[in-house]
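Two complexes follow with chain A in common, the first pairing it with chain B and the second with chain C.
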Partner chain A sequence: MHQAPPINMELEAQPLGALAHKVSILAGIVGLAGLGIAVGLSKMGEGASERFYHAYLVSFCFFLSLSLGALFFVILQYLTRSGWSVVVRRVAEVTASNVLLLAVLAVPVMLGANHLYEWTVTNRVMEDDLLQWKEPFLNLRFFLLRLAIYFVVWVGLSRFYLGHSTRQDRQTDPRLTLRLQRWSGPAMLLYAMTVTFAAFDLLMSLDPHWYSTIFGVYFFSGAVVGFFAWQAVVLLLLQKAGRLQQAVTAEHYHDTGKLVFAFVVFWAYIAFSQYLLIWYANIPEETVWYLRRQNGNWALVSIVLLVGHFFLPFFALMSRHPKRRRMMLAVGAVWVLLMHWVDHFWLVMPEFAADGVVPLGLMELACFVGLGGCFVAGVSWGFRNRAVAPIGDPRLPESLAFENV
Partner chain B sequence: MATMPLKNTMIDNTVEDPRQRAPLVLGNHDFTTVTETICRIPEASRPPQAWYIAFAVSSTLTLMLGCMVVYLISTGVGVWNLNNPVGWGWDITNFVFWVGIGHAGTLISAILFLFRQKWRTSINRFAEAMTIFAVVCAGIFPGIHVGRVWLAYWLAPIPNQMQMWPNFRSPLLWDVFAVSTYATVSLLFWYMGMIPDLATLRDRARTKIRQFAYGLLALGWRGSNRQWLRYERAYLLLAALATPLVLSVHSVVSFDFAVSQLPGWHTTIFPPYFVAGAIFSGFAMVVTLMVPAREFFGLKELVTPRHLENMAKIMLATGCMVGYAYSIEFFTAWYSGNVYERFIFMARAMGPYSWAYWTMVCCNILTPQLFWFKKCRTNPWILFAASIFINIGMWFERFVIIVSSLATDFLPGSWGAYAPSWVEICTFIGSFGLFFTLFLLFVRFLPMMAMAEVKSVMPQALHKQGEHQGLGDYWGDMPRGHEHKPGGHDVHH
Partner chain C sequence: MSTTDHALPLAEPARQSWGLLAEYLTVPELLAAAEKVRNAGYRRWDCHTPFPVHGLNDAMGLKPTILPWLVLGAGITGGSIGMGLQWFTNAFDYPFIIGGKPFFSVPACIPVAFELTILFAAVTALLGMLVLNNLPEWYHALFRSKQFRRATADRFFISIEAIDPLYSPEATREFLKLTGSSHVELIEEEAD
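Right after this comes the complex of A and B.
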């Protein structure tokens, strides 16, 4: 083991306090301004409100996926009794708990359901046998109920884990870890079902005729990629702010980078599975979804996604050097986050603009900045009065001493 | 050599204390006694009588397999009850079943290695061996079902005078590549991991034949610092290369079905769903073999209750993934509004093969739920019984998928039914004979556990001697409180 001087975790993991306050207010203002601009734009011209809701959904699902990826990571660490990750786990816990803010930000999606989802429009349903068939599932009331259930589950789980972990900061009681471990199995099951159906509801039902059994896993795989990239960025920023400078080492970045790499490959595997099977069987009711994404300029976006979301990060993160060098990892992580946003853009927007025109403009940017500002404000607020690492966790020493090959 | 220490053998290492890691080797073992415990099995002058009995049974069954194959080839595939529309029956079911079983080994040796799951060291050798034998059994079935088996080499892209190339767009061809790559890499992994242990057997050998045989296999291993360095690097690289293979093989197997347009076969979740099922069945088979083996060969201190518990948890996790896939498939069959999709799923649950369907559900979904309870996870015999049920359930899963979809497809006029002939049944039973024959030979002649790796997770491995740290170096995150105790030093450390 290393004979490094002991690390003063109290100091290293000090809450961000005033800094968090400042960041939250600043980001909140930027966020509200962004949303304000987006709402303003939605009033201008025909089809603008429809575009607003779609653009909003893109960024909403993007940030939601970061929180859900974080929730997966937190539950998984307890499920596997993980040791290395303790020192970076608080980032995930706080990000996951931000799902509460996202529950509030889901209101526009609910209000705009009739702009987003064809099956909420009675006239359309009347004319369409398939939509009538799906009506017991795809109807507005049940949809809202399901969304409420998902958010209750996610908020409950994320608060449960964050709450216990924060309590452990002071009490250093290993029994809290045991309790969280004990619930991690059922929590993971709940997580899997809610995330799958949320993906079906929010994204797949944009085209209510289309279906793909792997779609929930696709959304999940992207969410996890996005979260790990986010985690790397937040850790770097926390270190910039003078926290965890000794506690988080190249070893932890290395592992985070490995996980980004692994889930980039996993995402590609899932995306490829879906594409190959649909392409090969060539059944029109399935291929139509990809056809829309190959039409006109959408083909370009599809290629950007293929290259940018898989090939580039795959080769860039394969070697151990970029994963252990902060600047290189930061560049990689920001790139992956960007591509993860493109993924959501690619999932949502073709349903709005199927004629091959890619609507990428001020509206999409405003929604991204708007939701991003709110999201950052929420995460930063979470660090205001709370240690930035779980200093009372019984496995903290193991995490601090952790080394790769 | 030292006699086995008896005191302090059974501390309960399944008790959870987050402040420290549970020991993975129980009893007062040091490096010497670990070597002794494992080596005495292949070094015994005669195996126990039960081994002979088991070997007699399994080799007889292997012989039966041989007879069935000869009968099949000399007579024609008509001796099976395959028909139109059910062109794939027990043959392909058995193929997918055996390939699936062959997933645990590489998962344990590659993915669990990358995830730093130290407990894998006690079971990886065993599981890797099982993997290879399962793949051998799997390989037989597609080979013999092609009809004109003497033309089976056409599957490979060998240039020939007829200018015939295989269809590269066919998933059956991808299967040839996927399974043969997997078999090759698994074999390499298994063998490479065994080299240090083979050298130990060579050094301990008392007869000329043993010295020669193990010496040949050990490739001149001397256990020098430089050799260990290269070895560990190679192991890590192989693990990284083998990891995608764990996913790709069964994904490609699932493509055999899912690229078609047949309801019940064509669904996008098939690749990850098949992989989860394969790991599920692979772990079940490891447990089926491991529980009696640890009992029989006195390995309970090396394969501890904690190992069993961890395997049970993996079975619970993968069993839930399989259950997830079943339910999403069912939901989507309804959600799609597609009348054929809906029909086939109702037919599976309530049609002529519903008995197979419900066997599958009971074995695959209900059985692993036992593992929510610690008592069931740590009691070897409950675990053993559950693993048998899971094996049965996973066989039926493939049967249900393959046969029910083929028997009742789009047109009622072309529906058919299928039941196996005695030849098919005997061939399948015979494949178990082959599997167990190979396995019994393995436990008789080769080290059943990775001695060098087991030692690396013992507290003694933390001992530093200048620059030399042995394999313990990789597992740098050993818990505190397990500092060096003066203990035996092995030849290779």
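Right after this comes the complex of A and C.
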């Protein structure tokens, strides 16, 4: 704190400009190529289109969860009036705003609903009392309407926060912060409702007979883990590109690492809470969901998830040292992101291939690369003309001087 | 009972010097002084500030605390006790079939093991912090100083104890003045 030279934030947070342009175009090409290959594969052979939609849903939910985790972080910072996070907040704001692109990428999920969701097929509903009973909620029209509402809320919230924050870069008006703070409470409520129901609709209704009231929280906890890992990676890349080299210190990485650690534990806590109740009650209509995930090779995936998504990051990130060393945090963050994808794979794919076969191949890779390319392109595009940190925020000095005690 | 008792003169309690207290007006002055005291090789000394000062640990050359290791050990102990107790009572010492469930099963035992992990770790973190800080401490020689009261308001202090091997009443006082202290005070306490 003492004798620190003043940091030139104008220079540190310079927009990425041409570099962002180049990354966007490259990632966009890779993304479209990946999606093209996936669509091509979906035309080959029986069941290929079903597999395409499931593989697409895995990666779609994965990248959607990163944006939603980011939106949670942005709203939370205003809700708690945080000071430490200001310098890293723009990464979250831009990632959250990328939900606009995901709204477009949701179109295949909507078009392929009858390949994904049993309850959209009229014949199946006719034969099934339970599905008939659930029909007032689980029907295609209402499903599409709900998806539209979720995306309107998410796009609206993320644009609202990004827009005001960006405007503050030039105006340095603290009243903008006050307005964002005032709306953060209702925004958080709206966020919690939409994310919970989106998890029910997109993922839980893959098996319309099964339900778990904690499922929305499960999706949310994973989303936040994924986002914090993503944030660490993006910050490291921004520093590689010559931005925020003095502004973002080991202290900010330390806190990001702490949050990854905390939400890894939270995720495990929620996942186990869901498991324990179903395991203990041992009622067939509830256990069937886990049975599918411990048949054949799915048992291996479940164990990979338990070890890789909880035990490894838990012990690796427990000490303060790996959180403060950039390279170690980077390795941990990429690993956590990978496991977060496996989590979504584990949520979706057993509904498509329940007989113990794990369909992990070119299709899943193509969908991941395709959606990932588009997602990276969108985030990079957001940094083109925009400062990479909120340089007009009244709490910026606090963030720059922040140290963990 | 002797009649001459009350005639004895009341002896002043013997005093001995506890150490020196140096006052500083600003944080940068304190940090610079702390580095000098550290470099001079003093061992029995401390800084007193009204609020946490970032960078003071480095300036004082303090070693990282061992508390995290104590907490980790306590957490592992708590988890093991939680698991072990359930296994011992349910599956080993008094196996009893309840509802056709297995005697011992990991998922069922996790809540108790988890809670004991948290309990042991949290209690150890609190008690360990107190013990490592020598708390609670009801009396301290520095409380005799009137000036020291401002350590909770707007002044920063460095104290060096007389039992430090490098301590000398004159040289240490001169040294502290040279570190930029606005006021150096001798702290005395009653002799043991």
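Simple rule for what comes next: the second predicted complex is superposed on the first by the 404 of 405 C-alpha atoms of A that agree within 3 Å, B and C clash if a C-alpha of one lies under 4 Å from a C-alpha of the other, contacts with A are read in each partner's own complex, and residues count from 1 in each chain.
The rule is simple: a residue touches a chain if its C-beta (ideal position, glycine included) is under 8 Å from a C-beta of that chain, and two chains touch if they have at least 3 such contacts.
Remember, it's a predicted structure, so these values are computed and weren't measured experimentally.
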Partners on chain A (chain B, chain C) - clash or fit: clash
First (chain B), second (chain C), both or neither touched by A:Thr172: neither
Partner chain in contact with A:Val217 - chain B first, chain C second, else both or neither: first
Which of chain B and chain C A:Asn139 touches, first, second, both or neither: neither
Residue contacts with chain A in the superposition, chain B compared against chain C: B
Chain B versus chain C as contact partner of A:Ser319, first or second or both or neither: second
Touching partner for A:Gln294 - first (chain B), second (chain C), both, neither: neither
First, second, both or neither for A:Gln274, with chain B first and chain C second: first
Chain B versus chain C as contact partner of A:Gln245, first or second or both or neither: neither
First, second, both or neither for A:Glu403, with chain B first and chain C second: both
Residue range of chain C overlapping chain B upon superposition on chain A, of 3-11, 75-83 or 147-155: 147-155
Contact residues common to both interfaces of chain A (with chain B and with chain C): 1, 276, 280, 401, 403, 405
Touching residues on chain C, where the partner in the complex is chain A: 27-28, 31, 52-55, 68, 72, 107-108, 110-111
Chain B partner contacts - residues on chain A that touch it in the complex: 1, 80-81, 83-84, 129-130, 133-134, 137, 174, 177-178, 181, 185, 189, 192-193, 196, 200, 211-217, 265, 269-270, 273-274, 276-278, 280-281, 283, 285, 393-395, 397-398, 401-405
Chain A - residues contacting chain C, complex: 1-3, 272, 275-276, 279-280, 318-320, 401, 403, 405
Touching residues on chain B, where the partner in the complex is chain A: 16-19, 21, 115-116, 232, 236, 244, 247, 251, 255, 258-261, 266-272, 316, 320, 324-325, 328-329, 332, 335-338, 372, 462, 473-474, 476-480
